[in-house]
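Got a structure for you, questions after.
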Amino acid sequence: MKKLHVGTLVAYIILTIFAIITIFPFIYMILGGLMSFQETTAIPPTIIPKHFQWGNYAKVFKQAPFARYFLNTFIVASVTTIVSLLNSLLGAFAMVNLEFKGKKILQMVMLSLLMVPGEAIIFTNYNTIARLGLLNTYLGLVLPFLTSIFYMYYLQSYFGSISKTIYKASMIDGASDWNYIWKILVPMSKGGLFTVGLLSFISSWNSFLWPLLVTNEDTMRLLNNGLSSFASDAGAETELQLAAATLTVLPILILYFIFRKQIIQGVVRNDLKG
Amino acid sequence: MVCIFMIDEQFVQVKNLRKVYDNGHEALKDVSFSVKKGDLVCLLGPSGCGKTTMLNMLAGLLDPTSGDILFNGKSVVKVAPKDRQIGYVFQNYALYPHMTVLQNVMFPLTVGKNKRSKAEAEKVAKKYMEITQITELANQKPGNLSGGQQQRVAIARALVQEPQILLMDEPLSNLDARLRLKIREEIRSLVKRVGITTLFVTHDQEEALSIGDKIILFNNGVIQQDDVGQNFYLEPNNYFVANFVGNPVIDNFAVKIADGKISGSDFEIPLAALDQDRIKGELTPGEYTLSVRPENILPSEQGHFTAKISDVELIGRERILKFDHDGIQARSLVNLETTIQRGDQVQLSMRLDRIFLFTKEGTRVY
Amino acid sequence: MKKNQTKAWLFLAPTVILSTLFLIWPILRAFVMSFQSGSLINLSWTGFSNYKYIFSDPEFWSSMSHTILYAVVTVPIGLAISVMLAWMIFSKVKHKSFWETTFFMPYVTSTIAIGIVFRYIFNGDYGILNFVLKFFHLPTANWLDDPSMSMITVIIFGIWTSLAFNIVILMGALRNIDPNFYTIAEMYGASSNEKFWRITMPQLVPTLAFLLTMDVISAFKVYTSIYALFNGQAGVGNSASVAVFYIYNKFQMVGTPGVAMAATVILFLLILLTTFLQRKLMKKIGEN
């Protein structure tokens, strides 16, 4: 009995240490963003600022067009999420409920494409976008991501778990495929679609390399690129960098805390990697 | 065109229907039958016999490989399911889990060409919910309903389009035994009241016999017999039918015909003793199977053979006497009052006007 | 089911068209470009010269060795810590979903933003890490500005980042183990340790194999975290240059897309090989 107790205690201690290591950077980021310049470079390091310097945020917005970055990121993440979800939804429906020639081959091609790492094709895609004259445009930012074989595959497994007779029943009830998708399939898989949407939105929000390649005008930058160039420009003003970082992370963290269950379950369900 | 005068009579006609799946499996081989308007017909058979394939093709969920299906004299092979004027009740009911009972029943009237105003759809839906006695469940989700209730919702949803034909795929198999008896009577009285032509798929012979105006028995993609219920007992077409229908199952004895008599391992019956009117084929010398239903082989003073009773089983109002004959277990169905016990030596006598003779290929000759 | 040829392809059209354009085409294109030289607008065939070039380029070899070093160190350590933490959450403590939520946070947050925080924490002069080390009388280091420390810093950040996904997936796998296994083991008096090694670990093997592959692949692709830590650089004097850095540099900065694509093809082959080995491994496990 006593031995069991010790094991539990050790577990709590180790978990707490690692939890602190995990959370500390986030807390330090928020606190650091509210410090004065002196406090950020003081030794011993300041943990809690004496006076919260809310003015740091005003400075950030003054020095770089963060509002614009927000808008750009929001537009890009929303469009990417909605359109790619729609496209993968339609594709997954066809793969699950319709019979057609070449289905097996298509499924095999899709499965092997899942293995292609984004980094291996991102530069040639840049080339394509450049040739289409879409550098520094919203379309250029979203175009390669308007469908996702990954999400399609995920939704296939989701739709596959819905009994086939439901689809047959809807056919007999007089519903078209379009009716079936919107009146039955979508309402029945709300949870899965929502999770996929969330994950897609988050990974789009956090995207970095692709927008770095296809935008070089400040007005078309996304948050993470804006943040990283701001970090170089702001030089030694660590408190401003941290305030800007907080701005970038906070919306997603809020989203995460509201929907943590759906997000974690969604990732576990199909071992999704965003 | 030839049978124009029959249109009213034969509401559903299936002609030389064949279905070969992509994997080469031939689910139906040249199937033809017809159904009268207003009849309740059971498609009966063991699993994998093609009966569900048949139903799916009637519904238009599957395309036949060849052959034709006519509803009311018109070919429907090229008609989409939604335009066939059919209702379909699935084995698992296939209720939409995110909709209430009312929304489920209304659904067929809110999409496609049967679309009506919301008020009208609701009115029609409520009418059928009343008929199926689910009015008070209107706002429940299917997940909260019992199997029997879900069943009724499924039937109401199938009827709400006021279809010409109702197709039911093993609708009772998900219910417990007592409920099954009750619901099957309800289904029969309901479809008779509505007057709808119904095809009912089941693997349960008792269900088929009790509910069907006629039964079509399938095996291996071929119709074995298309007949009224009692004839499956009294006049089975072949060895398969005789063995598939009947509980307890029929007794089979290997026999030879030679020298004007039927000889089993320990009995002989002169061919002259048979009812000559029942002879269907030539009783040429050779090997046959003599089959007799357990109720037609009974203990008597002067039997065809003697057997030792190996077990006595009580089934409700009757007892089954089990005995080994020529290494095969056989049964005799006797009334409850019998005093015969395990181990008794009993003389057994067959009713010769009730026995069947089948060739090795299963064809009935007597 | 009835055949619905055209309708099906209509539903699939957006996905098929977009994947052809931005997934299949670029792979083929990258492969072709790896045999060409010149600028993007003016490419000409040069055979294997790009491959010859990268194989004799010390920068390529140092990038590749950094990448492999990163994968070989980060992945096993990250995985080991994850298994330990996941098992503790699963079997020892209450409020499992609280712990899970906490440890998963890094997965959803921007690497760039967190990299900025780590840059601050790792700062040699006023960073909190050195302060804590000093407090415990441990040796401090110049994490960011000392070239010999660059890869260690990157690896620490990499481990910190990798725990989130690993832990959540492992928790999912642990929950899937039939609890009756543990009940039976307890009836036979198995200790906590015995339960872990005799029941849990064997059941986790497929998940571990999966995570190993996923982690190795993402280690091969490491880029953003280094970019964030060193403010857009690959460490002082390219001391933390990795494969994707090399490719980016050759493609965008030096302007030799052919060389970049040759390196991309090599990286792609490495990833394919890893996936292939994982398949084999899984099959072997499946057979046992």
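Letters A, B and C mark the chains as written, and numbering starts fresh at 1 in each.
Note that contacts are C-beta pairs under 8 Å (C-beta built on N, C-alpha and C of every residue); 3 or more make two chains touch, one makes a residue touch a chain.
Labels paired with UniProt names: A, C = Sugar ABC transporter permease protein.
Keep in mind that what you see is a predicted model, and the values were worked out from it rather than measured.
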| item | value |
| --- | --- |
| Chain nearest the overall C-alpha centroid of the shown protein atoms | A |
| Centroid comparison with chain C (C-alpha atoms), farthest chain | B |
| A-C or A-B - the one linked by more C-beta pairs in contact | A-C |
| Cα-centroid distance, chain B relative to chain C, in whole angstrom | 61 |
| Chain centre separation in whole Å, for chain B relative to chain A (CA means) | 57 |
| Separation of chain A from chain C, taking each centre as the mean of its C-alpha atoms, in whole Å | 17 |
| Overlap residues in chain B, where contacts from two or more other chains coincide | 60-61 |
| Chain C: positions in contact with at least two other chains | 1-3 |
| Of all residues in chain C, those that touch chain A in their complex | 1-5, 7-9, 11-12, 14-16, 18-19, 21-27, 29-30, 33, 40, 81, 84-85, 88-89, 92-93, 97, 99-114, 116-121, 125-128, 131, 160, 163-165, 168-169, 171-172, 192, 210, 214, 217-218, 220-221, 223-224, 227-228, 231-232, 244, 247-248, 251-252, 257, 260-261, 264, 267-268, 271-272, 275 |
| Complex interface listing, chain A residues touching chain C | 4, 7-8, 11-12, 14-15, 18-19, 21-23, 25-26, 28-29, 32, 40-45, 87-88, 90-91, 93-95, 97-101, 103, 106, 110, 113, 115-121, 123-128, 130, 143-144, 146-147, 149, 152, 177, 202, 205-206, 208-209, 213, 223-224, 227-228, 231-232, 238, 241-242, 244-246, 248-249, 252-253, 255-257, 260-261, 263-264, 267-269, 271, 273-274 |
| Chain A contact footprint on chain B (complex, rising order) | 59-61, 80-82, 86-88, 90-92, 94, 96-98, 107-108, 111-114, 157-158, 161 |
| Interfacial residue positions of chain A with respect to chain B in the complex | 163, 165-166, 168-176, 179, 183-184, 187-188, 190 |
